[in-house]
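Please find one structure pasted underneath; my questions will follow.
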């Protein structure tokens, strides 16, 4: 059974999710910013029609803006170091867009290769993803450049879509999704095949022409020292909005913070766009000017990550484009490479 | 699941000031089982922490053939090293590691080895040098060229003296012009210049070098002039690091992470890297 | 805007300036890009419309090569021109290093398409200083000066605990992206205090203490220097009302020293000097 009719509406489905006792995380408008937050009532959520995508991505649910890794206490010469366990509550994230669901699959590769980051992995294992297919897009979207579509299933455990009559139905994608679906009141099993609305293929047509990522990668392979970088990054302010709002950016810092004799070692979001990101204690900085830092961003997203993991480090969600104060559009930059 | 960010605790057993701003610690794991069982390979590094200040990246400077302790040497340059400077016997140091790849010691078996170290760059080489000396009959000739800006800047002076005495290896010491003292018996000249003078043979040889970037650049040039193929030259790089395990995205040179793909690279591999360091 | 394009083309063609910084069409509606033109052919891309809210003066302090022999041309609105004056006051620029292309502005839009907050009480629709002016000087309509500080007064009327709650709720959203700092023309420190590690003056973590420390420090460092261009608030994607903090500081500075940043090229910012007449009521 892969398809379930939703017998009531979206909000009622959320109520049913809340009744399962799991931690429900959904898009909300919190103090004027759209983000993913834990909710206690369906009235808090943003309805799918109300957003193309949230300003903040959901990556902070598995990879928080700041989180403690280890805690320690110093008593004279003795130091006690204690492990910290990530919250392992059963969680359901609902309202994610397909680009964001796919982004989690990308982040999974990084946090679990060679060394397993339990802070990310444990939370991820205990989370079920319910995505909502996109019935709208805007000029910033470019998911199709990465083989993702308004109704892609990658990364979703369940996907909500509307049928030809505009009513929601759920498609279960994984075992986890099937298991959750079987527990939900508000979902009715249906024997008839559900006809997906044509709106999703219409939306796909409106999205910006897919980037030729293979050609872009080949260009990047050969143009590390090109003047392209100076020219195209000249207006970058180095503000890191792009990196922080991006659902696949993963760079972080590890810092110690003390209060009297107790302290934490924390993992904090960091960005290659910051001037001191690569600065050695000796004062030497391999990426001392903004063009080198911007080059690092584009290279990492379109070349380095895919060389290591066979996936680009971008899902075309468009948050960076919407947030950039100077409209430095990575889509524009990437497509300009091959024409340079 | 284990916490990959949680350090082991070691205590300082011995302290030695190598130069005015370079210090060596001999560290023993608090956990006796770990002290017995801990293994690593020459060339690997670790993240050493002062709790409350942070972590810093240094190589493991002792040989893996010596069990029960590890040694690290560092120059006092920043926040964490300034805190490490203040530590003494009995103080605790966090240890996360061993990380990274290692010197390809299997490829060196049966070959002549030339070690070229400048300043604190001698630290990672020292691990490998003692490793080879402890397994002496597996290798052919061993030559070490150790240099520094001045006599005062030479590290591991006591060991240099030991190596000078040994008949199963050749040691050449040098200081930069102007860095010699009145009673200096060694060479005077930049490391690459002295290397040129020594004219090492590339026949059945591997050269391993580490030091300031400018020294490495000229050493690489001179070795290649002397007939060494890029695959015959090994070096170890450093870059700003935080996690040490390939996730925080900071230490990459092009698509290569110094922490997991390195820090040991051959000159052939270096040639493939972009100018990002 | 043919006169703007003609002016830029002529400046670049004659070699009078090394480069020209201006606005160009964006890739998505409602956004404009910055263009840094070096050749006369690029002059045709320059535009000016009500979406041109960016303060381009920020580029003059972002490692831009101002030490060259020729000046850099920059398109400024009245509010932006104040930033240039403030930078000259602080010896970050000389007047000769900048060729100011002033534009007469009738107000710009914020990201929702409404009139930007900073335009409501604007009295500088025509830049106070320029080398050439595009458009006719705009006659300033009388504006109630209280209008400029209306939102600050609302905050001032709150009790201390209400204000504490208000700001903690706002800073909860802060993710320490430093877009506010990077977009600000007067945040030109080569190494910002928050990036210093020996010692770590301000916690870099995005927790309540860290965020509060960061924003308070930035507000204090801008006291008497902020020209109210609003870029910090515009750059903040978390909609944190940063302008309120800076406006409050401006109000206090004006109250105590009768000084506004970016008005008089020869004036010294009050926190950089000491005068005998300075009030000392805080010393008891």
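By written order: A, B and C. Residues from 1 in each chain.
Here is the rule we use: a residue touches a chain if its C-beta (ideal position, glycine included) is under 8 Å from a C-beta of that chain, and two chains touch if they have at least 3 such contacts.
Being a predicted model, the structure only gives us computed values, none of them experimental.
Viewed as a contact network, the protein chains are fully connected, with every chain touching every other.
Ranked by separation of Cα centres from chain B, the top chain is C.
Centre to centre, using the average C-alpha position, chain A and chain C are separated by 32 Å. Averaged C-alpha coordinates give centres for chain B and chain C that are 49 Å from one another. Centres computed as Cα averages put chain A at a distance of 40 Å from chain B. Contact of a single residue of chain B with at least two other chains is seen at positions 54, 78-79.
In chain C, the positions touching at least two other chains are 200. With touch defined as above, residues shared between interfaces to two or more other chains in chain A number as follows: 253, 255.
Residues of chain C that touch chain A in their complex: 26-29, 31-36, 54, 58-59, 62-63, 169-170, 172-173, 175-179, 181-183, 191, 195, 200, 203-207, 210, 231, 234-235, 237-239. Considering their complex, residues 1-7, 9, 49, 51-55, 77-79, 81, 90-92, 94, 238-240, 242-243, 245-250, 252-255, 260, 274-277 of chain B touch chain A.
Of all residues in chain C, only 197-200 touch chain B in the complex they form. Within the complex, the chain B residues that touch chain C are 54, 78-79, 82. Against chain C, the residues of chain A that register as touching in their complex are 30-33, 55-56, 65-66, 138-140, 234-235, 237-241, 243-245, 253, 255, 257, 266, 268-269, 271, 274-276, 289-290, 321-323, 325-329, 331-332.
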